[in-house]
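What follows is a pair of complexes built around chain A, which joins chain B in one and chain C in the other.
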Partner chain A sequence: MIKSSCLDNKYRFNELLTGILDAEDKELGRAISLIENRDKLAYEILKNLYGKFNPAYLIGITGPPGAGKSTLIDSLLTDWLKENKKIAVIAVDPSSQISGGAFLGDRIRMKNITNHKNVFIRSMATRGSTGGLNPAVYDTVILLSAAGFDMIVIETVGVGQTEIDIVRLADTSVVVAVPEAGDEIQIFKSDLMEVGDIFVLNKADLPGAAKMEIMINQLFNLKSKTNRNLDISWKPQLVKTSTYEKYGIDELRNKIIEHYNFLKESRLFELNHDQVIEKQLIYLLEEKIYTDFIGKIRNCDTYKQLLENIVSGQITPHQAADQLLKKNLKL
Partner chain B sequence: MIKSSCLDNKYRFNELLTGILDAEDKELGRAISLIENRDKLAYEILKNLYGKFNPAYLIGITGPPGAGKSTLIDSLLTDWLKENKKIAVIAVDPSSQISGGAFLGDRIRMKNITNHKNVFIRSMATRGSTGGLNPAVYDTVILLSAAGFDMIVIETVGVGQTEIDIVRLADTSVVVAVPEAGDEIQIFKSDLMEVGDIFVLNKADLPGAAKMEIMINQLFNLKSKTNRNLDISWKPQLVKTSTYEKYGIDELRNKIIEHYNFLKESRLFELNHDQVIEKQLIYLLEEKIYTDFIGKIRNCDTYKQLLENIVSGQITPHQAADQLLKKNLKL
Partner chain C sequence: MTLEKTRVLIAKIGLDGHDRGAKVVARALKESGIEVIYTGLRSTPDEVVRTALQEDVDLIGVSILSGAHRTLIKKLFKVFKEKEIKDLPVLVGGIIPEDDYQYLKKIGVAKIFSTGTPISEIVDFVKSTTAP
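So, the complex of A and B:
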């Protein structure tokens, strides 16, 4: 019987596990909080769940603030829920400070699905202690897969690199653009064009939509020219939607299913999951090195001395880093 | 005489150093490329420059795509250049793939300053190999300080955590918002409210500006309440600007100078630079661990075996990470 300060005494480990396997909101919420706090109990939970489930289908949805991602997710999921699917939504937030339950704003925009018995919504911080993608996000994907969710939708606000990593983690990546997204050159600056499987031009009833559509199609052409030597059998596709005028949602849903079938038939689904597992291992190595190693180094006298030497201009930060690592790594 | 494959034979190390100290575009450009490629020669350059200059004043300017940051920078700098200041602009880009010179778009929007003899503009990738802030950004800050730039403006597209880290690196952080930035709840989600010294409501002539102003002021109140136990003598301030109707720029410039004087008088300027140096050391430790340590681990048989065991569900990624680190770290 393992206990943790985060759990009441009443809350026994097995009850927690049973609650997770039954996809109970309360137990899932507790487990994710443990995962976010990097509590030892979370690792025990994951150990008990690991290897005993089929991976859920991961859909990444990203785009600039105000692109209408939450409303799109609400519309998309409404129909899948009619087919009795169990769906989790992870709203990944660039802030490191807010967590625990989805924001009020998300809840408002996902009003049709928020209280549905087969839906679980949770927000999480993007980044872990190391600066890279928060390893808690993928731990949560494992937890939710084990809890029997068929689909996990990961929503991110995406221009940063960390958000792009989350999109890469998904089986199907949906990139949402809007006509009035301001600085049109921005989309060129972004790796999102490289990682998107399906592009959505949302709010396609607004002025500027036609111009944006031409631009996205030009980028598709550019991309297919760049990749002409690779055997890429899935071509990124553009869907025009308007949640206001209610069109395009069925087409988007069909494109997602089409991509899912493509992944399954080409065995890219399994390949992607293996790659995600390796990425998670690397993230965990980074996280553990950061906590166990850099954390300890920072308390050493040598570290403090070297820092003073950098500040006084005697050595460069590079030289100091080399000296610290030479002493502490076995290679 | 140190040579590198990135340099022509003609290009001698001392000539490169002299060119950097003379702030020649060509040599600065070469040196930054070496820094970005993490070339050994870059470390030699930094070693030769380190500790022999006064730190430049770092201004961070961040905000969503299309907020008008580049145009603001263009207007701000025009006047400072009349005072014979030497100014560098680093446009930090969420994309990891594009680098080498500023984008066409930036050049267009900074048309008044792009070709000025005392201005150097360069774009860089946000992120290094480790997922954290690209250590090359701060290496470049050192290089440009040594080259005698009085001010370095770091422009980022900011909602991600990595962008916020760059803002934290700056002495003065300017956060740019616009009335029509879409999803208004977004600004609440962001740590930017915490790190901004000066807030700009740009395009303040557009509809929705009054509403946005009320909201930002509410956030200021909220923040000052949260921080009431801290002795914070600088209160974040809001400046309304319009580069189209041309107002607010002088006020913004004055606020920045006011903040600079505040930093100098309170000695926070030195304190901030010491903190930045420590952060850079940590980033470099992470980078070197990633390259030297994780890079080597990935080629080991043990690593490959453990990865197979994770994929087959026998052990969790956490267990594998623990095993790999136990073997290779001295603690």
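So, the complex of A and C:
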């Protein structure tokens, strides 16, 4: 909706900044778009905000499509909002690999909270970037923290590796499973089991819930998750919920608070935030190398020549890659 | 590498449970490379405007099949005025009698697509309206 050219004069910029700090829908919404579009104005905004806020508590919620993540968020937040907390939700859905478009429909399930004045919900498409993750999530978290949100919930569809990156950004990772998720082989295959601090067996009113509960609990017994470099461990916990029969939500909320307290007491909270900063730095480097460095190589004649040589069978791609790096990389 | 994406809000306002049309339009827009946010059924004009601001959309497409389009669209523009929104085009689709076209346009609707409109016509219009 907004192009940086319309905002170049200083007055409008200050207006935008004030709106962000006041957590106004319009200014926050626009700033997130600027971040998503990698607009240079977004970097100006972040420069003005950086280092001047307390990091918000980040909860990542992930699980297969249709597991009930958005509905759970709706139920979870309804009560938290009564405590006068300011909460933001970033709902990430995949971009189409073919058209680049996206259908972002997580809000549909959050009807009970959308009207609350202390809630800000933003739907975000993955926008297939080089790292798989939409790096805009990191900056959006900074923006929302600066806007004074106490808690940020990041919802992602979790089946593969890339979404797990977003979950790892979170202080507390909640993995949502459902009874119909398949047998234990499916669970073994899933990386999700390795990232969860809290597991939710949602739709626990459905047949098969008891079996799934046993399977998940067995996996817990196999490993005790050693947490993020420190010698303190948090044992993953399982909560059974049903948003249909309305149970388990309070227990889930208490488990999240328990984990939050654990993070605070063990100082893992600070440690996680430092690690997230490093991760963002790496992502930014990767992105810049991809666009600036690899982009340049692809335009040079040697690259085209080597590509032809590979096609005609004179050299292997490995040899070509080594040659290109040797020629272009000065470290 | 272009990162800028057009974002469109598809909204159902009022007591109206029919959203097949809205979903078809949403899908067509998605397939043309647009990021579509869908409100779900039975939203209020206030909800729609708040969502449009938070999601920073370039255009709103409202679907109404209940017959209450005159009242509801008027309310929508009232909220626009309260929130000082000026540059956000609104399309209306659904069952809209031709007699009401003039009124809806007068209060601010950019374009009306009634039943039977070829889907490509809507996609083309959205693309040309939101082009940078």
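Observations on the structure shown:
Just so we're on the same page, the second predicted complex is superposed on the first by the 297 of 331 C-alpha atoms of A that agree within 3 Å, B and C clash if a C-alpha of one lies under 4 Å from a C-alpha of the other, contacts with A are read in each partner's own complex, and residues count from 1 in each chain.
Heads up, the rule we're going with is that contacts are C-beta pairs under 8 Å (C-beta built on N, C-alpha and C of every residue); 3 or more make two chains touch, one makes a residue touch a chain.
The model shown is predicted, which means the values in this text are computed figures rather than measured ones.
Judged by the touch definition given at the top, the superposed model places A:K304 against neither chain B nor chain C. In the overlay built on the shared chain, the residue A:K40 is in contact with neither chain B nor chain C.
Annotation for chain A, partner touching more residues between chain B and chain C: B. In the superposed model, A:K246 lies in contact with neither chain B nor chain C. In the superposition on chain A, A:K211 makes contact with neither chain B nor chain C. After overlaying the two complexes on the shared chain, residue contacts for A:I282 are found with chain B alone; chain C is out of touch.
By the touch criterion stated above, A:L324 is placed in contact with chain B alone, chain C being left untouched. Once the two complexes are laid over each other on the shared chain, residue contacts for A:K235 go to neither chain B nor chain C.
According to the touch criterion, the shared surface of chain A, contacted by chain B in one complex and chain C in the other, consists of residues 95-96, 98, 103-105, 127.
By the touch criterion stated above, chain A contacts chain C in their complex at residues 1-3, 25-26, 28-30, 32-33, 36-38, 95-96, 98-105, 107-109, 111, 114-115, 120-123, 125, 127, 291.
Looking at the complex, you find that chain C touches chain A at residues 1, 3-5, 7, 26-27, 29-40, 46-47, 50-51, 53-58, 83, 87-88, 132.
Within the complex formed with chain A, the residues of chain B that make contact are 43, 46-47, 50-52, 64-67, 93-98, 103-105, 126-127, 130-133, 157, 159-165, 178, 180-183, 185-186, 188-191, 194, 274, 277-278, 280-286, 288-290, 292-294, 296-298, 306-307, 310-322, 324-325, 327-331.
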